[in-house]
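Handing you a structure now.
Note that the chains are named A, B and C in the order they appear, and that numbering of residues resets to 1 at the start of each chain.
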Amino acid sequence: MALSGVEIFKLLPKTNCKKCGHPTCLAFAMKLAQRQATLDACPDVSDEAKRVLGEASAPPVRPITFGSGDKAVKMGEETVLFRHEKKFVNPCAFAVEVKDTLSESEITKKIEDVLASEIDRVGQKLRIDAIAITNASGDKGKFEAAAKLVSSKAPNTPVILSTTDTAAAEAAIKLFSGKRPILYGANSSNADAMANIAKTEKAILGVTAHGLEDLSNLTEKIKALGVEDMVIDAGSVKAKDILGNNTLIRRAATKKNFKPLGYPVINFVQRDDTLLELLVAGIAVTKYSSVIVLSSIEKWKNLVLFTLRQNIYTDPQVPMQVEQKIYNIGEPKPESPLMITTNFSLTYFIVSGEVENSKVPSRLAVMDCEGLSVLTAWAAGKFTATKIAQFITESGIEKDISHKELIIPGYVAILSGSIEDKLEGWKVTVGPREANGLPAFLKARAA
Amino acid sequence: MAFVASKETYSGKVYQVNIGTGANAANLGGENVLPFHSFEGTVPNKPVIAYEIQDVPPTDWPENVQKPYSSVSGDPVAWAKFCQDNLKAKAIALRLLGTHPDRENRSPEVAAKTVKDVLSAINVPLIILGSNHAEKDAPVLVAAAEAAKDRNCIIGKAQEANYKTIVAAAMANNHKLIAMSELDINLSKQLNILITQMGFDKERLVTDPMCSALGYGLEYTYSVMERIRLAALTQNDLTMQPPMLADVGMYVWKIKEAQAPESEMPLWGNTEERGIAWEATTATALLVSGAELLIMRHPRAIEAVEKLIEELV
Amino acid sequence: MLIIGEKLSIIAKRVREAMMKKDKGPIQEIAISQWKAGAGMIDANIGPAEDGGEDLMQWMVTTIQAVVPLPVCLDTTNSSALEAGLKVHNSQWGKPLINSTSNDPERFPILELGAKYNAQVIGLTVGKGGLPADAEERAAIAAEIMARAMEYGVPLEDIYLDPLVLQIATSQDHARHVIKAIKMFQEMNDPPMKTVVGLSNISNGCPKTLRPILNRYYFMLLMLEGLTAAIADAHEMAEVTKTYDVMMGKTLYAHSYLEM
């Protein structure tokens, strides 16, 4: 485990000189512990302290950047086993396999699919992150040719070169100089040569072994050879092994600070059955994988995977938010009721669900309150009469409806007069306090 | 540094709940480890997937998931037999949607007859669900529980607003019971406590912490399930040890991604595959977070999840 | 232990009505009753107070201080209402306390008010969007707030760090994170940083019969970690503080210690 603020504090000069911009050494130590400050801010820290802190502050799963430029992917840095404890840090990367046995046009098609895979979802740009070129032919020339095609057509996409043949690896990796590719295929029989190539080319080394014991021994050996950045694979193929090995790896790293397994995990989930492949990838997404290699990337499949990844990697401390706008529920008519609530997603899901249950077509105005629930947003000054009035006015909803009545949550009944003052000509009605009162409330009005 | 696998021993276990009768009865739960963690404990039973059917034609389902049942879905008995005989369903979940006051508003007696007819046609376990109208569900589930007496069904869902009558009916007719709360681990525990305080055996409960679809709050259900399971295993919390239900189909097939045509959403790809994948992936995430019983709709989604389960055990 | 009497909140119906009608009676009655029960300061929570917040806060401060010789904790998100209240605050019984600044840029200017009016300021250890996950994240935010207080010229002795108590019914893990944060906050400066909590939030949403139990036991745990102040119902806490003082040898025991 990383050092706590107090442990770090013991290594600082304890002069409270404020040169780092913090009032005390301990305050600075707290920031260091959260990795929101770096040790260089302290001009007086000893070399000994630097060394100890450097080692101890290394996160349990090594941070590694895969690829370069805009499309580079951050991996590692995870600290927990369960997402409710603390946010999972770096979302996994999806890669598609390009076998070097494919024809040039087939490879080109795959590359184009990768380049066209980007979609926008809830404000994030999501895409198939990487291409995994595999040396299925066993032929060095074919591998190099496939790599050439990828490097020329997708020069910015991070690449995994998968081969156990060191000559093939050496030839292909030159095409990705300075681009931080993953060279996957280091095993107990080729480790020295592969480590050498990875070191020379500053590549990330993909290390594979049968089982966790062999894998640990191998990463230690490779580290001793001077390679720091690795992604690891315990030879997991079946979903059961992916789940089991990935769990044991994450536990060893985060609970025991076991360095030989403190690396991001790569999983290969290719199946003939694309739907099953998707589900196995789902196991890898939920269970700690950092790179997932797929055989096919249909658009529907990508959408599912991107969404799952987004769900799992959401920060449980940051309330998930829905977009501010006026949502139609059912097919509302101009005279249908208009309600307002905040954009905390759970509030939205439950309120809209209850409105749906009521079968009364309605409009639900969802206002951006930084994802707070109604009462909290009100207390924090984010769900106030002025802001509500401004939102309703700017939404332009007036032209779609034949009434000027706004239903507000019962918890903020206090706002009704004030909203009426600020929204000229509008009537404000106080709805139920809890969402489950909505069906009865709406039906009674409709009757 | 030699590697030593860090294995957990848990102080609690999930109750094993038996459903159905005869040769096709099934067991839910029974494991003493987190989902599929067979490397450190025992997992005696695979999760069970129930095919969802309803007492009225599924006109509210999207076209792509109506299709596989188009020849049988006009009649719940034929539909149930089709699932059991043709699709090899291991369990069936009959939703009495027609009793909802805004649907056909069928009486409890009519619902009870449907239950009887379906039960006489099948021999796999049956889950009997109301229309999710707290008030109406109470008399409907009472009548249904009587009609299904001694067939060891699961009755549901008992919620905070209506649990008393439903618990009594399940108890009187020897059924298992689904206790549902809305995405709140503390309320889920509270409801289980209230139900057992009525004299209902906690080892006959199934907890439904409320499902959500992929992209629509799935992470909430996921984490609530993980936390329930951790409380059951690491704190040996007896009130949190019933197996869990994920009512997947109902939540998935109403969202936009499960039905928007490709013509409108070209970046989203094939509509039918997307809907199936959405249901199967939602189910997968909830399996790894702790569900032992799933209710699903599309035969291909169920088939894929069953294949995955085979790979996981 | 400083108890900041919490009963004057716009969330309570009786208080809200008195505030709307500018009816001094109930406000003064509550203030006196909190003072008599041991409160050393009175919290005046007027909510976001968009309309007429300035008038309302001034009215509250003068109404309270007309009958109790205590400083007031000015509790609102509206900074012009805060300023108006600070202008009329009578500081002969102690400095006013502003509730609150935080790590949200919208709340930074509140420190300016603290410096300008020589007021104490509560630093709520939350940022914009999202709650701190644990004690360590709270401490990191505290460090941020402390640095900013120095920048704005508010002495650290005038800052009360508030780790944000959350509801036990929905955020159980935070109960212990807050306990740990209270300890960590103090360690962050010498002399130790002052700390404060909004105590009753721990039991928000719980059944009425449970609330005093949760509030009191939680208060005892926080005191043990060195909590400086709590916004709480002085009546509810009197027994706890007296018992704590006896247990810790801070007052001499007698059978009637609770009546003293």
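Everything below uses one rule, namely that contacts are C-beta pairs under 8 Å (C-beta built on N, C-alpha and C of every residue); 3 or more make two chains touch, one makes a residue touch a chain.
Because the structure is predicted, anything quoted here is derived from the model rather than measured.
Peer 1: Of the chain pairs A-C and B-C, which one is connected by the greater count of C-beta contacts?
Peer 2: By the number of C-beta pairs in contact, the winner is A-C.
Peer 1: Counting only C-alpha atoms to place each centre, which chain is farthest from subunit B?
Peer 2: When every chain centre is compared against subunit B, the largest gap points to C.
Peer 1: Give the identifier of the chain nearest to the protein's overall CA centre, each chain being represented by its own CA mean.
Peer 2: A
Peer 1: Compute the distance, rounded to whole Å, between the mean C-alpha positions of subunit A and subunit B.
Peer 2: Roughly 29 Å, centre to centre.
Peer 1: Just the number, please: Cα centre separation of subunit A and subunit C in whole Å.
Peer 2: Taking the average C-alpha coordinate of subunit A and of subunit C, the gap between them is 37 Å.
Peer 1: Go ahead and note the Å separation of the Cα centroids belonging to subunit B and subunit C.
Peer 2: 47
Peer 1: Two-or-more-chain contact residues of subunit A, please, as numbers and ranges.
Peer 2: Each of 316 in subunit A touches at least two other chains.
Peer 1: Would you tell me which residues of subunit C are touching subunit A in their complex?
Peer 2: Going through subunit C, the ones touching subunit A are 10, 16, 47-48, 50-51, 77-78, 128-134, 136-137, 139-140, 142-144, 146-147, 150, 156, 184, 187-190.
Peer 1: Within their complex, state which residues of subunit A touch subunit C.
Peer 2: 4-6, 16, 18, 21-24, 26-28, 30-31, 33-34, 36, 85-87, 315-319, 370-371, 378-381, 384-386, 414, 418, 421
Peer 1: Would you mind writing out the residues of subunit A in touch with subunit B in their complex?
Peer 2: Touch residues, subunit A against subunit B: 82-84, 119, 212-213, 215-217, 220, 238-240, 243-244, 247-248, 251-252, 255-256, 258-261, 273, 275-276, 278-280, 282-283, 286-287, 298-304, 307-308, 310-312, 314, 316, 320, 345-346, 349-350, 357, 359, 436.
Peer 1: Of all residues in subunit B, which touch subunit C in the complex?
Peer 2: Spelled out, the residues of subunit B in touch with subunit C are 184, 186.
Peer 1: Please name which positions on subunit B make contact with subunit A in the complex.
Peer 2: It is residues 1-3, 5-6, 36-39, 102, 132-133, 161, 182-183, 212, 214-220, 222-223, 226-227, 230, 257, 267-271, 273-274, 276-278, 280-281, 284-285, 288-289, 300, 304-305, 307-308, 311-313 of subunit B that touch subunit A.
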